[in-house]
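Just below sit the structures, each encoded as structure tokens.
Look at the two complexes coming up: subunit A is in both, with subunit B in one and subunit C in the other.
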Partner chain A sequence: MAGTVIGEGLTIEGDITGDEEIVIHGNLRGRLTTRDAVTVGSTAIVGADITGSSLSVAGQVTGDVTASERVDIQAGGKLVGDIKAARFTIADGASFKGNVDMEV
Partner chain B sequence: MAENSVIGASTVVSGHVRGQGSLEILGRVEGDVTLTGDVVVGASGRVRGNISASSLTVSGQVQGNLRGSEAVLLESSARVVGDIASPRIGIAPGALVRGHVQTDGELSLAQVPANKRPGTPLRVAPVAQPAPPLPLPLKAPAKAEPRRFDPPRPPVVAAAAANVAAEVEAPRPAKPEPRRPPPPVVPVISKGTKAKKKKGRD
Partner chain C sequence: MTRHTPELSVLGPATRVTGRINGAGGLRIEGAVKGDVNVQGETEIAEGGSLEGNVQGVALEIAGNLLGDARTEGAILVRSSAKVRGELRAAQVAIEPGARVSVRLETDFELDFGVAARRR
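Then we have the complex of A and B:
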């Protein structure tokens, strides 16, 4: 089970810091930092800089992303911001706008 | 979706948490938590901020006010520093609480009597004034009012004597009023001036 889950209907305005997996189905405005994976669900709206081991985006994310492993934008996902990651995939149907740096 | 939200044990949230649904806090939250559903602060959970929820269960540490529209339950491992307000409050033996605890109704119920309280004394006062009708002391109503409460107990003779006394006294201040008022005014001024002078010198 995921360490931290932000359910749909929940809004967090502020910073989230942790060492465990974080799953977001709700709203987040601020910053998100973890050492584990970050999953942004299809219902999620995130306006935050995200730092984690990996990031999977099915919802909307606005902010810069730094991942030590990989970033995946799922179909239907939307990401606006710069990405810094070793691996980066954009699924068919996903939207993305920003710079990519894969020299991690 | 009815998916429960969880703030994990190693997660720190510094900011406000709002919204609908339930939330389990196992990590740290530094900020206010306002939810329409249930909130559980686990044994490892620490919250520094006010928590407002329909039902609130605390097993961890909270530094802030707790407000539950339905209930607030403190388990034996709970440590709370702050005020608690809810229609139902449960504190298990072993729980530590430092603050004001109030088992009042919901916020809406608490606000209604607060609005009525200032109105009631205003309504009582005007009703009590017209109740004692005495036609005689029309000339000096202010001085006769306190005596109205005393005469009702003794028989008619005493009441008549009181009325006579009121009549006798009423004309007295009426005549010497222009002559005697100055003397009582003087000591009042002297007291005030002494106090003001002391304060001014200090």
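Then we have the complex of A and C:
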């Protein structure tokens, strides 16, 4: 069960920090930092730098991403920004523009 | 309140938000929010949750802490576990025994002194 859910109709302008899972179906502009997983749903529009344990993108993200575990861009997902993560996947039908640093 | 409807937003107990929150749907604050909240829906500050900022919405239930002004079209319910400092303006306001409030309160109603007052 997700600790934090930002619903489809909601817009947050500012910083979110936390120690729990965050699921976004709505809009976020600002910065997002958590020690847990971040999920960006298909209806979500995020303009924020994201730091988390993992990130799954099915919506739109513009911003730099730092994940301690992995980043997955799902089909239909769009990510513009630099990624720093040990594991990274881009599904068929996903879009990505930016640099990837896998810390090798 | 159920957690899994897409219209409902939940800010969990380990989540802190600094900034503005706008939009539609219900909002349940279990963590800490610093900033103004303006939602077309019911806002709930859960026990253990806190909001430092102003609230505008359809209805508001406070079981946690609120420092700021609240203005709703519907009712404001202050639960017994709540601590509130600010101004509450609503169609109706209910405060449970045990709640700690230091507020200015305003609700919409007309006083009717009836025929007796008019006779003088």
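The rule we apply is simple: the second predicted complex is superposed on the first by the 103 of 104 C-alpha atoms of A that agree within 3 Å, B and C clash if a C-alpha of one lies under 4 Å from a C-alpha of the other, contacts with A are read in each partner's own complex, and residues count from 1 in each chain.
Everything below uses one rule, namely that a residue touches a chain if its C-beta (ideal position, glycine included) is under 8 Å from a C-beta of that chain, and two chains touch if they have at least 3 such contacts.
Quick caveat, the model's predicted, so the values are computed rather than measured.
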| item | value |
| --- | --- |
| Combined model on subunit A where subunit B meets subunit C, clash or fit | clash |
| Subunit B versus subunit C as contact partner of A:Val80, first or second or both or neither | neither |
| Partner chain(s) touched by A:Gly30 [first = subunit B, second = subunit C, both, neither] | both |
| Which of subunit B and subunit C A:Ile45 touches, first, second, both or neither | neither |
| First, second, both or neither for A:Asp19, with subunit B first and subunit C second | both |
| Which superposed partner A:Gly7 touches (first subunit B, second subunit C, both, neither) | both |
| Touching partner for A:Ala94 - first (subunit B), second (subunit C), both, neither | neither |
| Contacts on subunit A seen with subunit B and repeated with subunit C across the two complexes | 2-22, 25-27, 30, 34, 43 |
| Subunit A - residues contacting subunit B, complex | 2-22, 25-27, 30, 34, 43 |
| Subunit A contact footprint on subunit B (complex, rising order) | 1, 3-23, 27, 31, 35 |
| Of subunit A, residues touching subunit C in the complex | 1-22, 25-27, 30, 34, 43 |
| Touching residues on subunit C, where the partner in the complex is subunit A | 3, 5-27, 31, 35, 39-41 |
